[in-house]
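Okay, so chain A shows up in both of these, paired with chain B first and chain C after.
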Partner chain A sequence: MLGPVDWFIWVLSLLFEASVIVCSLRRKSFRRYFLLNLYMLISVLISAGTFRLLLHYGRKSLEYRYFYFYSEALLIIVLYFALIGLYSRVFEEMRVERYVRLGAVLLLAGTACFTYAVVSQSSHRMLTYFVFELCQNLYFVGLVLTYVLWGAMLKLKETRALLVQIVLSLGVYFSAYAASYAISNLRPDLYSYTYRLFPIIGCLLPLAWAYAIWRVPEDARLAPARLAVVPR
Partner chain B sequence: MMASLIFVFSAAALLQFFISYCRSLIAASSKQVLSAEVKDVTGIQRIASGDDFRRVMQLLRLCPDRPEDRNSVQAIGAYFSLLNLLRSTVARIVPSTRAWTESERGHCAYFAAVALERRISFSREMLAQQMDA
Partner chain C sequence: MSRKLMVVLYAMLVLAGAMGLKTAVTAHGNGAPVLTADGRPAPAPW
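Presenting the complex of A and B:
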C-alpha cells in the first residue's frame, strides 16, 4: 500500500487538478482552454480510478500496474493534443490550424510507429512495453514541441501573459518528466528513487495552471523578450 | 547514448523553462508600486537589491500564508538559490554574468516585497472579517 507521503502527494495532486477546472469555470475560460481542462478532468477521473484499484487490489497487483501504464498513455496523448491546442492559439492569426492538426496527427502516428519498430525487436510482452515506451517518447516529443512553441512565441512577440505562463509551466513539466525518464534509463538501479519524483512533478503542472488561470487576467500582457534566458 | 542525449537536452530545457517561468512571475509583479508602509518595513525604496531578499522572506514568513501565492513564492525562492549558485561559480569566471545575476536577485527581492504587500492586505481583510463577525 501507499505510505503517508504518497497519499499526501496523491491527494494534493487531485486537489490541484480539480482546482484548475474550478478556476477555469469561475474565470469563464473553460471553453477557451477546453483541451487543457479536458486533460485535468481525465486526470481527476483517473486518480479516482487509481484510488479504487489501490483499495481493492493493492499497489503490487497486476490490475493496478496495467491501469497505471495505460492511463498514463491516455493522459499523455490528451496532453499532447492540449499542447497542439496551444499551438493553434499562438498561430490563430495565421489561420494555419488545419496544417497544425494534420502535422500533430502525423507526428503522433510517426512516434507510435517508431516506438513499435523499437519494441518489436526487443520484447516478447509487446503491448505493455509498447505503452511504456510510447509514454517516454511522447514526453520527449512533447518537450521538443513545447520548446519549438516557446521559440515561436518569442519570435512572434506573443504578449498574452496567461498563454506565456501556461506554455512555460508545460515546458517545465515535460522537461522534468523527460529528464526523470532518461535518468531511469541511464541508471535503472536508481529507479526506486526516481519513481518518487513522478508524482511530485505531476503536482507542479496543475498547480502552475491553477495559479495562472486564477491570478493572471486574460488581457494581461508582458514583453516575452524579457523572459528569454539569452537576451534578445 | 540516446538516454544520455535525452537527459542533457531535457536538463538544459528544464533550466531554461524554469528561468523563463520565474521571470514571467517576476515580470507580473514588477509593475506594482509598493506602498509607503512596505517600503519602510523592507527598506526597499525604488530598486531592490539581492541582499534584501532574505530579510523580506523572513518578514513574509511572519504573515499568514496565502494559498494563491505559495507556489510562486517557492518557485522564486528556488530561482534565487539558483542565482546564488551562479553568482558563486560562473560569475567568478565570467564577469558579465555577475551584473545579470545581481539584477535578477534584485528582481526576486522586489517580487518578495510585492508578495509581502499582498499578505499584509490579506491579513487586514481577515482581521476586518473577524471584527465584523
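Presenting the complex of A and C:
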C-alpha cells in the first residue's frame, strides 16, 4: 500500500502539472509551447489512469507494472520531442528546422536500435525490457541534449528569459535524475532512501515550468553578461 | 561536408556521449532497480 508521503508527493506532482497547463492558458502561451504543455497534459491523463489501476489492481499487480513502464515510455518520448521543440525555438532565426527534425529522428532511431541491440539477447519479456531500457537511455540522451542546447544558447547569446528558465530547469531535472540513478547503482544499500528521490525530482520540473510561465513574461530579456562570464 | 552529414555526425556524437555517460554511471552497479522520474508511485520490484 502507498504511504502518506507517496500520496502527498503524487498529488503535489499532479497539481504542479495541472498548474503548468492553467498558467499557459492564462498567459496565452499554450500554443507557443505546445509540446511542453502536451507533455504535461499527457502526464496528468496518465496519472489519472495510474490512479484507477492502482485502486483496481494494486501496486504489485502486473497490470500496474506494465502500465507504469509503458506510459513512462510515452511520456519520455513526448518530453524528447518537447526538448527538440526548444531546439527549434533557439535556432529559429537560422532557419535550420529541417535539420533539427532530421537529427531528432535519427537520434531517436539510433537510441532505439542501440537499446534493441542491448536487450535482444534477453528472450524473456524482451519487449518490456526494451521499453524500460529505452526510457533509461532517453533520459541520458535528454541530459546530453539539454547541455548541448545550453551551450548553444550561451554561444548564440540567447536572452529570452522564459526560454532560459525552461531549458535550465530541464537541465536540473535530467542532472538530478542521472545523479539519483548513479546513487541507486553505486549504493544499492541506500535504495530505501534514494527511491523517494525520483518522484520528488518529478515534482520539481512542473513546478519550475509553472513558475517560469506565470512569473516571466514572454518578451522578458536577460542581459547577455548574466549568462556567461566573458574573459577580458 | 554537407549539412546532412553534419547532422548525422552530431546525432551519433550525442548518442555515444549519452550511452557512455550511462555506462560510466552503472559501471560499478549491481543492477539495482531503477525508477522513472515522475511523481507517480513506482511499482514493486519484479
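Criterion: the second predicted complex is superposed on the first by the 214 of 232 C-alpha atoms of A that agree within 3 Å, B and C clash if a C-alpha of one lies under 4 Å from a C-alpha of the other, contacts with A are read in each partner's own complex, and residues count from 1 in each chain.
We take it that a residue touches a chain if its C-beta (ideal position, glycine included) is under 8 Å from a C-beta of that chain, and two chains touch if they have at least 3 such contacts.
Here the structure is a predicted model, which is why all the values come from computation and not from measurement.
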item: Partner chain in contact with A:185 - chain B first, chain C second, else both or neither; value: both
item: Which superposed partner A:140 touches (first chain B, second chain C, both, neither); value: both
item: Per-residue contact with chain A, leading partner among chain C and chain B; value: C
item: First (chain B), second (chain C), both or neither touched by A:72; value: second
item: Partner chain in contact with A:150 - chain B first, chain C second, else both or neither; value: first
item: First, second, both or neither for A:175, with chain B first and chain C second; value: first
item: Chain B versus chain C as contact partner of A:24, first or second or both or neither; value: neither
item: Which of chain B and chain C A:50 touches, first, second, both or neither; value: second
item: Which superposed partner A:37 touches (first chain B, second chain C, both, neither); value: neither
item: Touching both chain B and chain C, residues of chain A; value: 140, 143, 176, 178, 181-182, 185-186
item: Chain A partner contacts - residues on chain C that touch it in the complex; value: 3-4, 7-8, 10-12, 14-15, 17-19, 21-22, 25-26, 28-30, 32-44, 46
item: Complex contact set, residues of chain A against chain C; value: 2, 6, 9-10, 12-14, 17, 43, 46-47, 50, 54, 59-60, 64-65, 68-69, 72, 75-76, 99, 102-103, 106-107, 110-111, 114, 135-137, 139-141, 143-145, 148, 173, 176-178, 180-182, 184-186, 188, 191, 195, 198-199, 201-203
item: Complex interface listing, chain A residues touching chain B; value: 140, 143, 146-147, 150, 161, 164-165, 168-169, 171-172, 174-176, 178-179, 181-183, 185-186, 207-208, 211, 214-216, 220, 222-223, 226-229
item: Partner chain A, residues of chain B touching it in the complex; value: 3-4, 6-7, 9-11, 13-21, 23-25, 27-28, 68-69, 71-72
